[in-house]
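This is the structure I have questions about; it appears just below.
Letters A, B, C and D mark the chains in the order given here, with residues in each chain numbered from 1 onward.
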Amino acid sequence: MPSLDMLLEEIVTANRILAHEGVVDSFGHVSARHPDNPKRFLLSRARAPERIEKDDIMEFTLEGDPVDARGRAPYLERFIHGGLYEARPDVHSVVHNHSPSVIPFGITERKLKPLLHMCANIGHEVPTWDSHDKFGDTALLVESVDMGRDLALAIGSGPSILMRGHGATVAASNARHAVFISIYLEVNAKLQMQAMALGDIKFLTPGEADKVISRTGPYTLNRAWENWCRRAGRPYQAELA
Amino acid sequence: MPSLDMLLEEIVTANRILAHEGVVDSFGHVSARHPDNPKRFLLSRARAPERIEKDDIMEFTLEGDPVDARGRAPYLERFIHGGLYEARPDVHSVVHNHSPSVIPFGITERKLKPLLHMCANIGHEVPTWDSHDKFGDTALLVESVDMGRDLALAIGSGPSILMRGHGATVAASNARHAVFISIYLEVNAKLQMQAMALGDIKFLTPGEADKVISRTGPYTLNRAWENWCRRAGRPYQAELA
Amino acid sequence: MPSLDMLLEEIVTANRILAHEGVVDSFGHVSARHPDNPKRFLLSRARAPERIEKDDIMEFTLEGDPVDARGRAPYLERFIHGGLYEARPDVHSVVHNHSPSVIPFGITERKLKPLLHMCANIGHEVPTWDSHDKFGDTALLVESVDMGRDLALAIGSGPSILMRGHGATVAASNARHAVFISIYLEVNAKLQMQAMALGDIKFLTPGEADKVISRTGPYTLNRAWENWCRRAGRPYQAELA
Amino acid sequence: MPSLDMLLEEIVTANRILAHEGVVDSFGHVSARHPDNPKRFLLSRARAPERIEKDDIMEFTLEGDPVDARGRAPYLERFIHGGLYEARPDVHSVVHNHSPSVIPFGITERKLKPLLHMCANIGHEVPTWDSHDKFGDTALLVESVDMGRDLALAIGSGPSILMRGHGATVAASNARHAVFISIYLEVNAKLQMQAMALGDIKFLTPGEADKVISRTGPYTLNRAWENWCRRAGRPYQAELA
């Protein structure tokens, strides 16, 4: 388990990377489960990911209540994170974004599926959650515990989900993996739109996807993480002590 | 009401942001209604948005006459702004641009409609104004009070309009909102072109769009504005005093 | 007429702008007719446009012979420039590029036509020259006086031409106009590819295009030029003395 | 033959260029045959191309065994390089990448063929290797001598090959040529996707492609190399002594 202090730095870095790599714009967020208390999670105050600093990171209960707000306004959609940490003990980091290339898949019938080995970790097929099904006309924001739980139900045990007219959410066992999946979810979506225009696609076989997933560990994640840190102007720490 | 001085800085910032985010190139402009005189508006001299400084901002009557030109050459299309301020007391800021992804919608039959919650503020469906309908063969520029009034008539009470073979115009109650709509109009157009290639699109329902619009205030606008300011190398002022 | 010294700086700037705006990559070039001798033109030695400095600019006869090479290797395709200056007394600057979005139009039957007022200066319809028609299997380079003359014949009195499997060439009365046309030729091509996927396009009418062309002068060109200079890190001189 | 020291710098530069030009992201690699021992090749330790420094370059046997690892972890896919150096005495540099625009061609039936003179060096038609044909469900990585040899068999005497669901590999007589082909393979793929949407494509004739290939030497390669070096922040050395 990383120390709280190192994890706070990791969350800042994750936000900056997602912004620098074009997966979030002024909106979107990334959280981590508290390293010392699995009933709490860490998430920035309402601020653009590219601007976030360590003091912006707040602590929340799984119901989305700030533990010590100190005047900081939280994201409305913190319930995405709480819902997933509540439902999924295996999840220690969550990314929510409006990653541009995934949007078209959330609003049409076409299914997003891995077509490149780097993208196998998005899951065999990415499901779509439509808030309208259960909640009707809303501002499409996940702004209550109920909505967060419904989204968590829809993602099931998978790593990623699309949200109709809204974006995507990724859940993983640590922040580096969550960021990695988020970036390659965007890559896969862009490539799939292009490949669909060329003809029938030979996607990864389920066996291939599973082989790649079983192989994805620090050897792979840290190579990307070091590079993304430097590109985003953040220090790289090889190991989370 | 912001002070004149702060509003001048706001206009400079708005220009720089639109340039940095790729919504304007060397052309396009953004204005604000004068804070002390609703019959006047503020707009830069004829200069690329990325280069504009405070001394470039001129004052105009609603008919587009410069109040104190001091040798500065105005934009030919200042009548876009005058026309809208004259027709719409609710409007305090106007953006005109040639935002790349919106052009294809202005020259084909396809209608631009919101498909992402961030884009609901573009309106339920963006109308198109074709200068040729009333004015015939022109250089497509809005270069007279008549043309500005005709454009204002076409936009009606809406927030945005496309101009055939030319670009788009956005009208809002303040500069931050006008910039926000302009940026997400580009986002929506790009996404809609991509999604149309995948199949039938599930757009936002009218009820969803209205919910999002009713929610869009400083909490949302300032998060983006802070980020865009920093990206464009401009200071961020939380409140317009 | 600008002085030779100022024109040399202008050519350097034109090269840097075209590279910065993505119209040329490591290849492509821009020339100007000699201000004191209409039988000569000025063109860099064989070097990437982004790297060119004043001492790289060489003087050539219209047949492409270097006047004082001083060990500098010329571009193989200097005959593009010589051919145009020979055939067209009205032409004082020529750009040759492999601008990405124009390539698809040079290798298919679709015609590139202006759809945006900013792009009217590309001409009513851009013709395509196929070196294979007259010269058979070549390396597609314009590497002789004969080929340069054939290309000049194909462009006729127009401002731009596509070259099959190769790129485009633009001819104008000065470097600012040639750069302007080159940049908006790329813009038009990209937009036309996108708009074609949406349905039938309402292009500019011939009358509209002519109105825009007749209006394009220093008021328009210099606004863009100032901006492009600054973006490319080059000083801006308002007037060519 | 370049000295070992200069070649190590050349490999660093090649990695940085490929990253800067968007042909590799955090993954992908470039190697060179050892200048003094044709049975050895030089390749970085497992690190993102944008980060590689001289001390990262390791020496390998053609079977992929590190000669003096000194604790440095090698790329899993070093067998791509060993396989090609073993099979092809003419090859002195190999690039492996996940270049974005080539992926769609590796997973559909559409063939990648040169349509622009700059791209003739990719070969008359780029073949595709599918690891599944012989090795079944794998993580798609070339992680054994057997797989490397199978890939080398598939590329035959050609300069480039696509790898289904994975990326591409380029083989050339020196690093500058391998980088050049890799960059223009990406360019060709992107242009071909766009042109296919416009209609039937007039590709280069075989005779044209051969003419271009026979012409591609230092005059062409170094013009691009100088530019790419400066863009990537690396010194340019005109000749490899």
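Here is the rule we use: contacts are C-beta pairs under 8 Å (C-beta built on N, C-alpha and C of every residue); 3 or more make two chains touch, one makes a residue touch a chain.
None of these values were measured; they are calculated from a predicted model.
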Chain copies touching (subunit A, subunit B) - same or different residues, decided at half shared: different
Rotation angle (°) superposing Cα atoms of subunit B on subunit C, nearest 5: 90
Chain centre separation (subunit A, subunit B; CA means) in Å: 33
Chain centre separation in whole Å, for subunit C relative to subunit A (CA means): 46
Where subunit A touches two or more other chains, by residue: 197
Chain contact topology (line, ring, star, complete or other): ring
Contacting chain pairs - touch in the sense defined above: A-B, A-D, B-C, C-D
In the complex, subunit B residues that touch subunit C: 25-27, 46-48, 50-51, 73, 76, 98, 100-101, 103-105, 107-110, 130, 132, 136-141, 164-166, 193, 196-197
Touching residues (chain side subunit D, partner subunit C) in the complex: 115-118, 187, 190-191, 194-195, 197-205, 207-208, 210-212, 214-215, 219, 223-224, 226-228, 230-231
